[in-house]
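These are the structures, in structure tokens.
One chain, chain A, links the two complexes that follow: it is found with chain B in the first and with chain C in the second.
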Partner chain A sequence: MTVPIDQHIEQKQDVTFRIFRFNPQVDSKPYFDDYTIPVERGITVLRSLNYIKEHIDASISFRAFCQAGICGSCGMRINGLSQLACTTQVWEVLAKSREPGLIRVEPLRNLPLIKDLIVDMDPLVDKMKHYSNWIDSTMPESSMGKKEFLISEEEFLRYDKATDCILCASCVSECSILRANKEYVSPAVLLKSYRMNVDTRDALHGQRLAELVKDHGVWDCTHCYRCQETCVKSIPIMDAIHGIREDAIELRGLKDTSGSKHAEAFMSDIEKKGKLVEATLPIRTNGVFWTIQNLLPMAVKMIMKHRTPPPPPLVKPAKGIKVFRELFREMTEHVKQDHKSHKK
Partner chain B sequence: MKRYAYYLSCINESMTKEVDRSIELWQKDLGIEFVKLHEGTCCGGSNLDYVSPKHFALVNARNIALAEKQGLDLIVSCNTCLMTIRSAKKKLDETPALKKEVNDLLKKEGLEYRGTSEVRHLLWVLIDDIGLDAIRQKVKVPLKNYRIAPFYGCHILRPSTVLGHDNPVDPSSLDLLIDALGGQTIPYTHKNRCCGFHTLLVAEQESLNVAAEALEEAIQLKADFIVTPCPLCHTSLDGYQAKALKHAGVESSIPIFHISEMVGLALGYSAKELGIKRHIVS
Partner chain C sequence: MRFERMKPFDIVIVGGGGAGLYAAMEAMKTNPSLNIAVLSKVYPNRSHTSAAQGGANAALGNKAKDDTVEMHIFDTIKGSDYLADQDAVDVLCSEAPKIIRELENMGTPWSRMDDNTIAQRPFGGAGRPRCCYCADKTGHTILQTLYEQCLKKGVIFFNEYFALNLSVKGSRSRGLVAINMKTGRLEAFPARTVIFATGGYAKMYWNRSSNAAGNTGDGQAIAYRAGIPMKDMEFVQFHPTGLRKSGLLVTEGARGEGGYLINKNGERFMARYAKEKMELGPRDLVSRSLETEILEGRGFDSPAGKYLHLDLTHLGADLIKSRLPQIREMCMQFEGVDPIEEPIPVRPTAHYSMGGIDTDNFTRTVMSGVYAAGECACVSVHGANRLGGNSLLDILVFGRIAGHTAAEEAGRFEPGNISEAELQLNSDEIRGSMHSSGHYERYGELREELGQTLALNVGIFREASLLKKGMQDIAELRERFKRVRVFDTSDVFNTNLLQVLELRNMLDLAETVAAGAFAREESRGSHTRVDFPVRDDAKWHKHTMATMVKGNVSLGEKPVTMGRYELQERTY
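Moving on, here comes the complex of A and B:
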């Protein structure tokens, strides 16, 4: 079928790029500059930025290299969403834009700003060092180069998707907890840590895990799924975070940290009552002292509003709990068998 | 009358009882009958899945199977229960071996997970099944004097591979409901952000910072209240509000409503009937 010529003409429109500007050596505060250029269908945000830099304003600073979604250099916020400029189509952004014909371009969040759209990646690299985001081979040095270090396909599939990460830091930019505390490990580092920890050739597993369960580590993730949703490579980052937690519980037990104690409460309450016993959840997670110190004023308000969760004896078990409990315990036996055969 | 199985979320049975109470008041007005699943158990609250993935699958296959036994869709009014049960469903539907293992156990209770019932949020039922026009016609007290900040929460939006009802970047269903009830929805950039609930007991300060950000914007925009489809978001934004705002140095407050209460108000029920006085921030 031939496409009428006038449809081709419509495949071009003026687009205004509202670009975040800040040069800390000159500017007292950030501002935005507008650049309006004609853009054809099929043009990416990065090509538009290159055009603006080449033809209108050479002072705009941004990072870019491969222009093909491989190097991860051009992560930036495009209409509020962290993504790669080189794989983001202008027309697709416009179709969802609240302001017709306008695209806002801003630097990634949660990393220090250097200039305009460039952020400092060093804090991320430092965290990757801190959490040993590399493989320390279990192969004796004398054997290296003499034989292959084979892994099974089944094992590779456990971290296949995690190896797609190109460190563009889009997930870092979207992370809710990092926004609240810059010390937090960050999703990209958790993903890398998971990838290394499930690799059987690695010798640092226990040491890395011990670091991951500390403050600002894996238990601080609040399950908001923003990292996963924004990932430019569609990596299920939350699966990796949950994978580290599962591993931590298996190797370090359920009483290891407040995070694991909190998780354990769900497991034991479901088995006992089929319902969560919320009244004692803070105590079981953090102990009596913490609970009194942190939650007493709120508890008083809740009592006054008849909002307190019922004490354990008054939590009514789910109907038919006895049969449910049998099923639950039978599944516990299945899991034990799985662990035995896994260890073999 | 449209019939659904209604999942009893732990938090609505304890701290946020007003959610189910208000739904009970107006369900018939909108031609809905919710059949409560008293045999249902806790979904695992976004925690059981990594403590024990197999128990997680069993528990939620059973929750869904209870609805399937009655030939009804399973309706949930807590975001995290929604995401959790839908995640389990996706896993079960994609993993025949897991489904078989779980069903071999469920057989002992006379149950079978088949994958025939949908797991949906109350908000989706209102929008998709009842319809905005039908709701509009039932409104007795339009919320026309209220500027309302819609706070969707995470687990009704993300991961979109599990939820998929709204665009997670720019959701609209709650805005549409507010509009149908006669209220004025405000452009609220925190609408798709996090409330911090899931780390309140593990990383309290971070969680309070997250909550404070969402509260501050709504206060700055002069919203009359924030409305949320999730009782966990409500607990974080209402119960922890004083603490969060104090830490952020904000001397103000803002009421937080559940969608079930907002619907109830527009359908003519009083704040007292709906249990709004149980909120910490009034």
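Moving on, here comes the complex of A and C:
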């Protein structure tokens, strides 16, 4: 039996790494440094950075620990995408690079910058604490260690994938909500919260949920799916976010936040008219007081420019509304059944 | 350089992996009024515990109903080649079921059996399938659970602090000096007690190691320089199945699930070495078997070195996807091989340090107020060879004991006090390598050379002449290190400085490994002397003790604690 020897190992290519630099002690603003090195196929971005640090410029600062894709230390943006440097192949990045032979390496976004490629993880840890990202066992501490909870494979599968999270913060870096609002809970923290909430050993479910539905919580997500697309462990983070929302609606109804009220108003419009009644949507979502305070100037502008949406009585039901309502009922029934079987 | 001074702590724990976090949790549980701090050079959830894939042994009897703690004890002692202290092994195995259940009760997502109890699988050197697991991410999920519980309990963390030295007065520790990586400042941590839980030192083999870049034996080196003896340092475990190119590990679970080891003639060669257990022989034996196959010309050839095959293809896609998903991903990312389609190229890789800081069964070191637990300690429960699934268990059981003992005993010791002058001394030492002329050696080269000489001369097969060469090389490297340069002179997050300090720790410890290996003229467990191929109980049934005297290693010995099990020949 013979085995093919890696023919490609000698293939080399000059690659320029354009690295984000910032030392808070001397630099007033960040800049980029270029380093060009020959890179073989099969070499990761992290190994390239190590090479540059050892042979060219020892002052480049980045985190790296296990170098095997499990510790989550080396999250950074590589050609604009947040990922782990240790599991990212240089040649694969090059193949997709817009600028031939060039790889941009930048720190993660949405976390405070410390130096070069290093960002502060403390805000993320603080959020994990705020949203009680731990199991508060139903078993008192004094009786622990004697016997195990009996957990079905089915329950295990409900949180199995979520426990893959290594807190690399790639999803945090890509989150579009966090870019606008640093107080937003963060995808990773929502994922962990979900993992705790579906664990039957946990006693904190209701309390955690009450925190999650507040402002900056689970209803602020806009379903852009960036977190899920980015996740280095391919965890379906959006499923977790939807899971928390469904849970919240089921246990708490649709009263918690503007987000849930918005969803409710949306649903009711669609059911009644097959389209949105935009004029009153802000009032139904955020209340009269908020709307007057925040949207009055815009409303005036809209009136001046004749851009106001029609008032509710003038919004006629869409064509074919009867057929649509039938479909709507069928769909909601279907979703309900689906939830029931899912819960089992 | 400005110094920060903390108010005295009752317990300072160095290291935020499984042992450190369990210690912190247990110490808070034992006495909630204590002032406890955990120092870690990485965020705790980054610790190397996360890389442990396979699982943790405990005689729960979920899979094999006839499994007992006693059988676990015997397997561990036999696996250690009778170098483990039998009273310590008693503690390890008796506490095992309790600690696994405790973790379960706190939320660790263990995989499950059909009857909804914790799942168990076979592991090397074990008479029964007793390895509890969560897919192939066991260490990761245990670490997450412990970190979560520590956050819940409000443990005070000093993340990204690098410990430098113990402050010692007479025979007592007064606390610890560390660098705050974020600011570059030295900070004093005066403390009644210090627990080391810093992990192993196998990264000194550098590219031929499965370990994280930071497994540089920091705690051991600090203790060693403070005069605390290291025990059995020559025993370094080589894991049989490291990936050919990166040294990264393919878990023993892959063989536990039924994987075959195959040479270039297509033989399941383990039949030659362990007829009965085959691929599930103990690690030292399987590693030697792979190395022998390679040395005798039955390995495959590649520019990245000779290797063998770990074949999982017959297990089928379903099993590989459900039980070994991370391994599959790793093989694809780092080796370009999908184990469903083709065999995985593997060779032995330095993986675990059996040796470490000498402690008693309560994790106490010879220095009062200083404790050690986990891979950085040597109680000893693993003796000359650790069984798979016993390392996670070790960090949990003895991490917990360390936390409990330190919490009980902290009141006996005076709060430490660390002087400005001492901080200045530590600071000068660091600054010297940044700014003095005559410092030009590159840490990268020294580190590479250290790894090479260790793999070549202090590797799986050892011999007097090779070991001598290794010791010479290490001495030269230590000499050259005195002229090492820290090229980055900045304060904030100076990772270059960190790497240099880690290298110092590895160099100090490498001397103890090589010296111990040279002295021990027998073959036992992971330590194989070609020139002394048999176990010599009359002369060498004892622990090696390495102490630093005037900057260099001095060897002593300590008897092995025996118990119910007499010395026997070890066959599988």
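Just so we're on the same page, the second predicted complex is superposed on the first by the 297 of 344 C-alpha atoms of A that agree within 3 Å, B and C clash if a C-alpha of one lies under 4 Å from a C-alpha of the other, contacts with A are read in each partner's own complex, and residues count from 1 in each chain.
We take it that a residue touches a chain if its C-beta (ideal position, glycine included) is under 8 Å from a C-beta of that chain, and two chains touch if they have at least 3 such contacts.
Everything numeric in this text was worked out from a predicted model, so none of it was measured.
Engineer: Go through the superposed model and pick first if A:T36 touches only chain B, second if only chain C, both, or neither.
Structural biologist: A:T36 sits against neither chain B nor chain C.
Engineer: Quick one: classify A:A318 as touching chain B (first), chain C (second), both or neither.
Structural biologist: first
Engineer: On the A-aligned overlay, A:D160 touches which partner chain: chain B = first, chain C = second, or both, or neither?
Structural biologist: second
Engineer: Under the stated touch criterion, which partner chain does A:T280 make contact with: chain B (first), chain C (second), both, or neither?
Structural biologist: It touches nothing on chain B or chain C.
Engineer: Which partner chains sit in contact with A:T332 here, chain B, chain C, both or neither? Use first/second/both/neither.
Structural biologist: It touches chain B, and chain C stays clear.
Engineer: So, A:I70: does it touch chain B (first), chain C (second), both, or neither?
Structural biologist: second
Engineer: Quick check on the superposed pair: does A:C224 touch chain B, chain C, both, or neither? Answer first, second, both or neither.
Structural biologist: Touch status of A:C224: first partner only.
Engineer: Return the residues of chain A at which the contacts from chain B and from chain C coincide.
Structural biologist: Of chain A, no residue contacts chain B in one complex and chain C in the other.
Engineer: Give every residue of chain C touching chain A within the complex, in rising order.
Structural biologist: Residue list for chain C touching chain A: 29, 42-43, 45-48, 50-51, 60, 98-99, 101-102, 104-107, 109-112, 114-118, 134-135, 137, 140-141, 144-145, 148-149, 151-152, 159, 182, 212-214, 245-246, 248-249, 264-266, 300-304, 326, 329-330, 333-334, 336, 442-444, 486-488, 490-496.
Engineer: Which residues of chain B touch chain A in the complex?
Structural biologist: Against chain A, chain B makes touches at 10-11, 13-15, 38-42, 44-55, 58-59, 62, 80, 101, 105-106, 108-109, 154-155, 157-160, 167-170, 189, 193-194, 196-199, 201-207, 209-210, 213, 239-240, 242-243, 277-280.
Engineer: Name, in rising order, each residue of chain A that touches chain B in their complex.
Structural biologist: Residues in contact with chain B: 80-81, 96, 98, 176-177, 179-181, 184, 219-226, 228-229, 236, 238, 242-243, 245-246, 249, 254, 258-259, 262-264, 266-267, 269-270, 274-276, 278-279, 281-282, 285-286, 294, 297-298, 301-302, 305-310, 315-316, 318-320, 323-324, 326-328, 330-332, 334-335, 338.
Engineer: Hey, which residues of chain A end up touching chain C in the complex?
Structural biologist: 1-3, 5-6, 9-10, 23-26, 42, 44, 53-55, 58-59, 61-73, 87, 89, 114-116, 118, 121-122, 125, 128-129, 132-137, 139, 141, 144-153, 156, 159-160, 163-164, 166-167, 196, 199, 201-202
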